[in-house]
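Here chain A shows up in two complexes: once beside chain B, once beside chain C.
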Partner chain A sequence: MTAVAAPPSPRIDTAVARPSRSRVGTVVRSAASAALGVWWLAPLVPMLLWAFADRWTFPDRLPRQWGLDGWRAAFEAGAGSAMASSLAVAVVVAVIATPLGAMAARALETHDIRHGRLVGVLLVLPVAVPPFAVVLGLTSVTLRWGIPGSVALITALVAFSLPYTVSVMRAAYAAHDLTMEEQARTLGASPRSTLWRVHLPMVAPSLVMSAFLAFLVAWSDYLMTLVLGAGRVTTLAQLLGSSASSSGHDSSVAVIAALIVAPPLVLLAAIHLSIRRTAQR
Partner chain B sequence: MSGHLEIRGVERSFGATPVLAGVDLSVEAGQCVALLGPSGSGKSTLLRIVAGLDDPAAGEVFLDGRQVDGVAPERRRTSLVFQRPRLFPHLDVLDNVAFPLIVSGVRRREARASAGRFLDLVGLTGLASRRPATLSGGQEQRVALARALAARPLVLLLDEPFSALDPEVRDDMHTLVRDLRAAVETTVLVVTHDRAEAAALADTVAVLLDGRITAHDTIDALHTRPSCLALHEFLGGRNAVMGEVVAGRHLSPLGVLDVPWGTPDGRGSLVVRQEALRVAGPGEAWDVAGVVTSTRPHGARHLVHVDCSGTPLALETHLGPSLLGVGAPAYVVVPQEARHVIPLTRLQSPATTSGTAVVAPRSED
Partner chain C sequence: MTTDATERRASTPRGRGSLLALPALAPVLAVLVLGLGSAVLQSVGLMPLAGQPAFTTSAYSALASPAVADGMRISLAIAAASTAIAVVLGLTAALLVHRIAPRRGFLALLAAATVPVPHLVGAIATGLLLSDSGLVSRLLGADPTTFPQLIAGPWWVGVVAEYAWKESAFVALVVLVSLSQRERELSEAAAVLGASAWERFRRVTLPLASPALVVSATLSAAYVVGSYEVSWLLGRSYPEPLPVLAYRLFTDVDLDTRPEAMAVAVLTVGVAGAIALVGTVMLRRTAAAR
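Take a look at the complex of A and B:
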């Protein structure tokens, strides 16, 4: 390559002025946001109060004695191992259901699949079918075939997560520009390189949201774990159910409930921050 | 960093519709060839076949003598710049340009340093850290060009890359491409439907009509000596008058006009560009007389239609309606060097099967 003088720099676009928002509109929006926040968070307040209440008797409006008795009781009842089980099941389900949903969605959106519409309907069918009816039938099959309860549970939860992962990823692939990948190939990227450097980064926000939904389905499941786990898999949701119905220790039940609520909220906040940071760059 | 591109007999259909029907084209190393054709003529399809993004039904593509059919796009060393720049939105400008270097195994730091030099070439050094979404259309296309060149292709393929830009920005881009060609000496095949763009960018122009390369020559030769009537019309030629050549003279309703030496005897259509015709000044000799039937602005000039004893002629002139209005007599000079006769046997495109010859002179568009 021989040296050449650089052509004159093109004009740099100046920032485009945005129309100013009215003050009244801003106030209304803020008030509506605050009301929504209260509506969503208000139910959590009694739970948090109970979690740190060693003594709270009727008719006191607030706990009479604060402390961590509930936390001790909850962990003595197995909250630690139940949380580990819940995390393991939810992560495994998210790890399996997200790529499966993405692949199905990409195939449905970008390929001319035979009976594609029918396949799309079948993939969202688990949402339309009452889980109780399905898992009861599955239990007898897994018992007769000697399939481990954990495997049956993961399989069923993946099936019930797929409608969500497929839906999110179909929306992502409907807007995905396949010529970006063609562009990468003509620039020398192998199919694998194109996948890791172009395809996945471009659908990453949807993949994260899809994984989050699959995680939630598994994390919050009670019924399928109860039936298919056959008592060998104890998750937080199950521990909460059994504690609430048997122990009568309100503060330990509140602690277990808080342990169920916290991880999804933390995850959601992390996702939101990550997406906002990416958008700002 | 330039290669010789050879396309032989490439065919491609979409369903039952043939789009490319045996395309032959050769682009010498270091040359820039414009592939010109109407919308839907298969220009972009041909480019995709060369890039390896589409497979031909028949035919071969050679790069520097190596047959590349079946070779993956990333192994062909052809960079394609699409009509839309296709910058990767998750990468900043510098990383976009460094992309082909990184995927080829260059360490990231070296790749970014090298990418900076390509950004210098397109005059965007100051925008290295910007995201593609913050760039204007022209800036995006500059980055796309820098990125394509960073891949060090044997052949750079441009698929109507500037058609979405404003005319002023497009002119800047044409200048940039010429500067880049001088800098990196790469072979270029550019697809366009814009004759002005083809003329501005390319050494030669190949015209794709009816699925085949109808002609491949300099833009001047294509305009003044079209090989067939379809080409003449595609290139905007408005005058074609059927007649007969006898001993170096074309006999038609226009009268008897001398034609260039070597024009074979026989029936043929006399074609003359409307830009070449002019109205004779006072006392100047003229070739054809007629009456103005219409006049309308055409850019900085006027397009005037003249009825010459029943045969229409179109010419471009600086004379406005006040000097050359409807009904005024017009004495037209047909410059000797602008006359060209298309023999009856070649009136249609070479790709067209035999059928009724087009003999009617073209009138209003």
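Take a look at the complex of A and C:
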């Protein structure tokens, strides 16, 4: 009897107390997760509704008439050619900034280069410098020296993408196993085939991520293109900025905004799926 | 650096490594040196659009004007408010995703999908959501004349909300990466040793997350101080945040305002640089405390 009357050990006590505490916790956590979900989704909801709203007068909660008027208006305003410009600029920037970033990262991680720390700091410095200040100064120089605005723009966008490509590739090369390349060389592979068949395939996922980030910097840019392009480079962001500040035709503005949001998200999803598939193989 | 890494570094010739880094250094140095150099030269009258160069500090004396002081104040206030909200929400989201299950994949996915949305798009979306005829006002059945002025209003709610919206996703992703399996193990060990939930958060989770928090908060604040389009679209006409003020002076038909535009640009670079410096010092401290 005394054994039964003995007080329960604290261990059992917490084990009993736990379920109720964690049930409250689960409710709190679910509520917090839902609130954060709403926080991140909310701004995109009116944008998507407006993109398919032909008529949506105040104070209607939902569009009165659905349709594709906004899409027609957006493409009449030049969304098609703007998208082509955006793609061209972003692809060129990604194609330049990715190999440059990878080479610099390789140098910083696997070679003993002079002033390596300084070089590393300089290459990430652009993230701490406001781009608008740089291009306001730069445009006077390019005008004076007769450098074409498109060249100046691509160079500036590459410079502001490099911090991202260098950082991603440095992480890749820090974890990179050099012995594979050495073995390939020992077995008689030429430097070129070692690069293409051993080295690059090993860092391919990081190269893809770098290219995506560089693409995104150029694709998202508004002010650098406005100043250095001097109104002649009409990307989707330029079109969005000018139509948002002038027309007030909400449905075509929402369509242009949606056209900017969609491609990076599709790309990101595709990258994740392909990386996951390669990892499974 | 491991000894292995040192050995393999020593085996490669020095010159080749520097050559590999040069193509990346060239555009960065060209853009930063020419851009900032020209901004400084123009601000002190040594690179005039017309006429003879003559050194003057008048553009910097003009920085003492109330427009610049108010612009500086509003820029810092927007950066501080949006970064503070982003840190709290981003950390909360990262902890929810890292620690406990309910719909965690969904939350991480939303954060990852928010980061690539350009600020210009975010600003327009925020306008469609929060303006007096926006979706929130419609859903509440509000009277647009009495609806609080969230867009272009005295409290800069729309601007702060947009920055906090995107930067919170950025903070969440950075912190999530830094909270590795180690946090879970240490936290469980602390729980077995009798630490309460608050103690575990205070002494295990927060110290492990703080370097990532400091880095992401610093990058956000420096970015917000130097960013143009959100304040331009959702802000008021006065006071103008520094980038908006600089760009308006830059595009003024009166070319005499050019040096002042450049002085404001140089000032903004200084502010962003100071934020980066404070962040670096804080990072050193959190790293040292560990």
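Here is the rule we use: the second predicted complex is superposed on the first by the 239 of 281 C-alpha atoms of A that agree within 3 Å, B and C clash if a C-alpha of one lies under 4 Å from a C-alpha of the other, contacts with A are read in each partner's own complex, and residues count from 1 in each chain.
Definition applied: a contact is a pair of C-beta atoms (placed from the backbone, for glycine too) under 8 Å apart; a residue touches a chain by one contact, two chains touch by 3 or more.
Bear in mind the structure is a predicted one, so any value in this text is a computation, not a measurement.
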{"item": "Partner chain in contact with A:G188 - chain B first, chain C second, else both or neither", "value": "first"}
{"item": "First, second, both or neither for A:R197, with chain B first and chain C second", "value": "first"}
{"item": "Superposition-derived comparison: chain B or chain C, residues of chain A touched", "value": "C"}
{"item": "Touching partner for A:P130 - first (chain B), second (chain C), both, neither", "value": "second"}
{"item": "Which superposed partner A:G146 touches (first chain B, second chain C, both, neither)", "value": "neither"}
{"item": "Touched partner set for A:D177, first chain B, second chain C, both or neither", "value": "first"}
{"item": "Touched partner set for A:A244, first chain B, second chain C, both or neither", "value": "second"}
{"item": "Chain B versus chain C as contact partner of A:L138, first or second or both or neither", "value": "second"}
{"item": "Which of chain B and chain C A:R29 touches, first, second, both or neither", "value": "second"}
{"item": "Residues of chain A that touch chain C when the two form their complex", "value": "25-26, 29-30, 32-34, 36-37, 39-47, 49-50, 58-61, 99-101, 103-104, 106-108, 110-114, 119, 122-123, 125-138, 140-141, 155-156, 158-160, 162, 166, 178, 216, 219-223, 237, 240-241, 244-245, 250, 253-254, 257, 260-261, 264-265, 268"}
{"item": "Contact footprint of chain A on chain B as seen in their complex", "value": "1, 51-53, 72-74, 76, 78-80, 82, 86, 88-90, 99-100, 102-104, 120-127, 131, 134-136, 138-139, 142, 147-148, 151, 157, 169, 172, 175-176, 179, 182-185"}
{"item": "Partner chain B, residues of chain A touching it in the complex", "value": "1-4, 6-13, 177, 179-180, 182-190, 193, 197-198, 201-202, 204, 278, 281"}
{"item": "Contacting residues of chain C [partner chain A, same complex]", "value": "8-10, 12, 14, 16-21, 23-25, 27-32, 34-40, 42, 47, 49, 89, 92-93, 96, 100, 102-104, 106-107, 110-114, 116-122, 124-129, 133-135, 137-139, 141-142, 144, 162, 165, 168-169, 219, 222-223, 225-229, 232-233, 243, 246-247, 250, 261-262, 265-266, 268-269, 272-273, 275-276"}
